[in-house]
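Each structure below is given as structure tokens.
There are two complexes below, and they share chain A, which is joined by chain B in the first and by chain C in the second.
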Partner chain A sequence: MLLQNWQVKLEKIFIPLAALIFSLFIFGIFCAAAGANPFEVYGSIYKAAFGSWYSFQNTLIRAAPLMLSSLCTALPAQLGLIIIGNEGALVIGGLAAVAMGLAIATLPPFAVQSAMAIASIIAGGLWIMAVGALRYYRGVNETISSLLLNYIAIAILNELVGGPMRDPSSLNKPSSYPILDINMLGNLPGTRIHYGLIYGIIACLIAYFLIQRTTFGFAVRTVGGNIRAAKIAGLPVGKLTLIICFLAGSCAGLAGMAEVAAVHGRANESLNSNYGYSGILVAFIARHNPLAAVLVSILLGGILASGGILQRSHNLPDATVLVFQGIVFLVILYSESLYGRLPFFKPSFRQQASKNLTTQV
Partner chain B sequence: MSTNRSSYLNRRKVIRGILTITAFGVTSKLWTGCTPTAQQNPTNSPNSTGTNSPGGTTKPIVMGFIYVGPKDDFGYNQAHAEGKEGVAKIAGVKTVEEANVPETIAVQETMRNMINQDGVNILFPTSFGYFDPHIIKVAQEYPEVQFLHCGGLYEEGKHPKNIGSYFGYIDEAQYIAGIIAAHTSKTGKLGFVAAKPIPQLLRNVNSFTLGARTIKPNITTQVIFTGDWSLPVKEAEATNSMIDQGVDVITCHVDSPKVIMETAEKRGIFCSGYHTNQAKLAPKGYLTGAEWDWTSVYSKYAQMISEEKTLMNGGILHVVRGGLKEGFCKLSNYGPAVSEAAKKDAEATKAKFMDGSMVIYKGELKDNTGKVILPAGKEYKQQDIELEKMNWLVEGVTGSITS
Partner chain C sequence: MATETIGWWGVPLAIIAGTIRGSAPFLFVSLGECLTEKSGKINLGLEGTLLLGAMSAYATSYLTGSPWLGVLMAGVAGMFLGLIHAFLVQQPKVNDIAVGIAMIIFGSGIAFFFGKPFIQPVAPRLPAIELGNWSDIPSVKAALQISPLFILGLAIAPLMQWFFRSTRWGLFIRAVGDSPEAAKAMGISVNKVRMLAIIAGSFLAGIGGAYLSLYYPGSWTERISSGQGLMAVALVIFARWNPVQCLYASLLFGGSQAIGPALQSVGVTGYYYLFNASPYILTLLIMIITCSPKRTLSGVPGALTTQN
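Let's turn to the complex of A and B:
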């Protein structure tokens, strides 16, 4: 029994690692074709992403928003819903945070920050909850509706910062009025990393605990496994759908709040910068496991952080980092089909599993 | 549980398939997109430290350029990248560059890395949206590094002293492009594909139209706003719909005019470029274009810095602006369709810009709702701050800012 678990765990570590090494190999061929020495490129990537505390901060800075936004896809996936409205919820969360930050600017900073966070959580949550409600009550495909809601959210952002919320002094880049400096979220002491990273890690931990260790999570997974069986068992499917969608949206909304309150200080078109779409990628690579999402976000952050050095030191084109990202994720996604098929992990696992099954019955 | 799982897996397989195909599509497309740039020669020529840099300084000049999009977009970013190529040829100047840097915290990291890893001491973050809060924040961290931003947002007393800004009156070139467009147009309808109704852009639309109306007083410019800086599909749609309405000369102000020029050429009408030279994309219909001349601007900065002038010691002005005369912008070489009469008028106007006697905005000037913007006898010179708050379209422009 122990041995069996051990092998399953080893498989779970071995396959992603092998996939990563294989993708580095393919990327090396690409670099060689583009005229750079692959081994020097590997060295640079490592140095730029993980080599020192200075560069690791760069990785973490880029990873922070991805953790939160990936939960927007990972949580509903437990229910069997494919939601890709991360970008929209992030934008709406950011807008709500700015609106709140401007409305009560004179209160003590901690109160303002908390209010901004709560506003973004509620706004983002309601945004995705609408998707869940459409799905449950009207049978609207949640993937399509959440995708379309992204465009609506971006249009609302552009309309508000170009009209009612516009700071008249922002002539050539329409923006909202800025949040007061004292109300901004600072950096973690002694680093360049803002508090969004802490939010992300905590949210991922809570999500994992909620899904894997609570009866609520068990109910959600049951609905995801077989919705009809769950209904017969008397689970409140509609309620679960709405709650999970709300939680998912609130995570992305909080990412939006961290963006405006820690980075931009105001709402404008820069809020819509593809963190949401990258979050979808992270959730799928992490197989919708919130803890894995933390690691995958850091991996993706590292890849993004190394993009600059590839251009500056190796004269590779600016799209190289996207090629690298594409190769890594393609190989990792394909490697999923290898689970349970590699001979090294297979025989004892299968035999023992069937034995256990028969003895139990 | 096992049966449930397999049905779940089926759904997941479909999604996975879609994702992989998309990812593959993206990767392979980028692959082909990269090849031309990959061939480019390394431009960070080994810096021979100390050997005869122009002003005899010992500290090497290392310039870092940051672009928001790809370097080969036939537009805004390519114009800056060409400027960087130009300045890299100057002895004693070393350059590094990074493209596709979004206007997020990512650009702050890029600036820090350029300073710490490449020893950059003059930064040119070229996108308008890099300024607030990104440049301001990093400039406070590195007071000895000079930050020069394209867009002219610097305010004395409010922003750190090591920030400067530069911008050009490219509407002067658009004015001349308007003259040529009016000479060429047979239908009397010009088209302008625009991104967002911001002052900088409206000024180009208005100058283009005013230039055209000096030749044909009844000519009109149809303007369509797409809503964002890079929306190739909408830009193509806008171009096509204007051509269907009888527009026969088209110009634009978007980040990459590529698709507009190509569509115009395909439909057999004339076009006028923007940002950089797009003659290659429309060999028959390309008339001229309003181009930036960043090589000249960046070379002047390099010259000043080599003479040990800095923003901090007051040697370099914090806000630098200029038009045709100061070498901030230029016109593309005239295309084959430009008539002799058009060339003559264009050159005459250009000469007036060069000697400083030309004023584009002078009374009496009405907007396209009939309201008088500028009474007779008054004028706005290029430097006038009123022009930077422009929120009207001149008489002759069809379209409205709010739509």
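Let's turn to the complex of A and C:
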């Protein structure tokens, strides 16, 4: 039994690692075909992502919104719902944060920042809660409705920053009025990393605790495991669906707030920068485990951070990083199917034999 | 502009013109997705297929001078992505939604990577069939310029309907999509049928990409697709997994996307972005009205409602 446990744990480390190495290998072939030296490219990616404290900060800045956005998929997945509305909730959260930040700009900065965070949490939460409500009360497929809501959110963003919220001085790229500098989220002391990273890590920790260590989380996982059994056991499936969807959306909304209040300073189309769609993949690759999502976000943040250097020092197009991201994700998703199939990690024959014996008796 | 001479009549005319021009990509991706989903799998990655198709078509047309060869290459490029998708989604424990999103990133990455040198040059475009020569009004003429690809799509929709209803292979695909166990018992190879259906569906989506870059808008840029590929999944639900209804749905979506620009051309600029989002709002509303928690949607392939 102990041996088996050890093998399962080793498998959980070995398979993702092997997948990562294999995807680096495929990407290396791709780079070689494109006329770049793969080993130099690996070196550059490592240097740009994790090589120094300076570059690691870049990685962490990109990882912060990914952590929050991935929870928007990871939490409902515990209930058995596949929600891909991260982008929409992020955009709506960012919009709500800017609107709040502009409305009460003269209050003390801490009050403004808190109000912006709360506004984004509520707006994003309600946005995804609508998806959960449609699913539970009308039977509307949550994957499709959340996908549609992404487009609707982006349209609302464009409409508002192009019209009612538009700062007339933003000519080329319609934007809202900027948030006052004193109301912006600052950086962690001594770094260039904004407080969004702390939000992300805390949110992932809370999510993990909530799902794994509370009665609420147990109820949610029960519904996710077998909805009919959960109903017979008297669990309030509708209420759980709405709460989980609200929490999921509020995390993505908070990511939007961190993006506007720490990075962009105003709402415009840069808010819609694919952190939402990448967050979905982070959630799937982390197998919907919030703690694993922190690690996967940092890994992906590193890949995203290396985009510039591939272009500058290897003369590769900026889409190279997109290809790399695609290869890594496809290979890791494929590796999911290998669990329990590799002979090395299978329980030994002796155990099999003893099992057979007990069943015969 | 011609709309000045015909006044407000320009609005419906522009919508009709926009419908004819804008619905073909929707038509191809939704037919491709319909074929895929009938076999019991979802391909959310058609956005990447559309982009790679658009790039391959444009590049081939530029390099060889033949836009029709470009259309063929777009389909082949689509099949390449379809092959990867089909292989991955058939592995145990691999989620087709996640693979779809990864395929969007991979497909668009490949398209942008190889498409960079082709953003500047001008490639020969597909010819149009002029059906409006009887009219003297230029905007009527322009509205009745029809792409041969659109006509091809018009023909494929009923053909696919017939294929599902009346052919042996159509029955195989429906059987695999509705009940893989039963299909297996009939001696059909579920893997092979799904593989072929996904690859053929991606071929169609690739051709939709060729329409984008070689006919309308008719150039290759990284923002050429405005989410038509992602919408395919919603369109197919909207069309209840029926190819002929995919055609109607595509016309509706193409038409509602034309409302915003048409109103803008007569000076109504308010709510431009919201009009552009009208297909999404419309789909959501129709889903809310027609869905019910008590039964599954009519026409849905059985394997889509269960996890397998």
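Rule of thumb we're sticking to: the second predicted complex is superposed on the first by the 343 of 361 C-alpha atoms of A that agree within 3 Å, B and C clash if a C-alpha of one lies under 4 Å from a C-alpha of the other, contacts with A are read in each partner's own complex, and residues count from 1 in each chain.
Please note the rule applied: a contact is a pair of C-beta atoms (placed from the backbone, for glycine too) under 8 Å apart; a residue touches a chain by one contact, two chains touch by 3 or more.
Note that the structure is a prediction, hence the values are computed from the model and not measured.
Peer 1: Let's test your reading of the overlay: on chain A, do chain B and chain C clash or fit side by side?
Peer 2: After superposition on chain A, which the two structures share, chain B runs into chain C.
Peer 1: According to the stated criteria, A:Y136 is in contact with first (chain B), second (chain C), both, or neither; which is it?
Peer 2: second
Peer 1: Applying the touch criterion given at the start, work out whether A:T214 contacts chain B, chain C, both or neither, answering first, second, both or neither.
Peer 2: neither
Peer 1: In the superposed arrangement, which partner chain does A:F284 touch: chain B (first), chain C (second), both, or neither?
Peer 2: The answer is both, since A:F284 touches chain B and chain C.
Peer 1: Identify the partner contact of A:A319: answer first if only chain B is touched, second if only chain C is, both if each is, neither if none is.
Peer 2: A:A319 contacts both chain B and chain C.
Peer 1: Check the residue A:N37 against both partner chains and state whether it touches chain B (first), chain C (second), both, or neither.
Peer 2: It touches nothing on chain B or chain C.
Peer 1: Thinking of the overlay built on chain A, is A:I327 touched by chain B (first), by chain C (second), by both, or by neither?
Peer 2: both
Peer 1: Touch test for A:S52: chain B only (first), chain C only (second), both, or neither?
Peer 2: Neither partner.
Peer 1: In the overlaid three-chain picture, which partner chain does A:E336 touch, first (chain B) or second (chain C), both, or neither?
Peer 2: Once the two structures are laid over each other on A, A:E336 reaches both partners.
Peer 1: Can A:A305 be said to touch chain B (first), chain C (second), both, or neither?
Peer 2: first
Peer 1: I'd like to check the shared interface: which positions of chain A are touched by both chain B and chain C across the two complexes?
Peer 2: Touching chain B in the first complex and chain C in the second, residues 34, 82, 158, 284, 317-320, 322-323, 326-327, 329-330, 333-334, 336 of chain A appear in both lists.
Peer 1: Per the contact definition, I'd like the list of chain C residues that touch chain A in the complex.
Peer 2: 84, 88, 91-95, 97-99, 101-113, 116, 227, 230, 233-234, 237, 270-274, 276-277, 280-281, 283-284, 287-288, 291-295
Peer 1: Where on chain A does chain C make contact in their complex?
Peer 2: 34, 82, 84, 134, 136-141, 143-145, 147-149, 151-152, 154-156, 158-159, 162-163, 277-278, 280-281, 284-285, 317-327, 329-330, 333-334, 336-337, 339
Peer 1: Considering only the defined contacts, which chain B positions touch chain A in the complex?
Peer 2: That would be residues 1, 4-5, 7-8, 11, 15-16, 19-20, 23-24, 26-27, 30-31, 33-34, 37-38, 40, 42-44, 70-71, 96-106, 109-110, 112-114, 116-118, 128-129, 133, 151, 196, 198-200, 227-228, 388-389 of chain B.
Peer 1: Provide the residue numbers of chain A that touch chain B in the complex, in ascending order.
Peer 2: Going by the criterion above, the answer is residues 30, 34-35, 48, 54, 58, 61-62, 80, 82, 158, 171-174, 192, 194, 224-226, 229, 259, 263-265, 268-270, 273-274, 284, 304-305, 307-309, 311-312, 315-320, 322-323, 326-327, 329-330, 333-334, 336.
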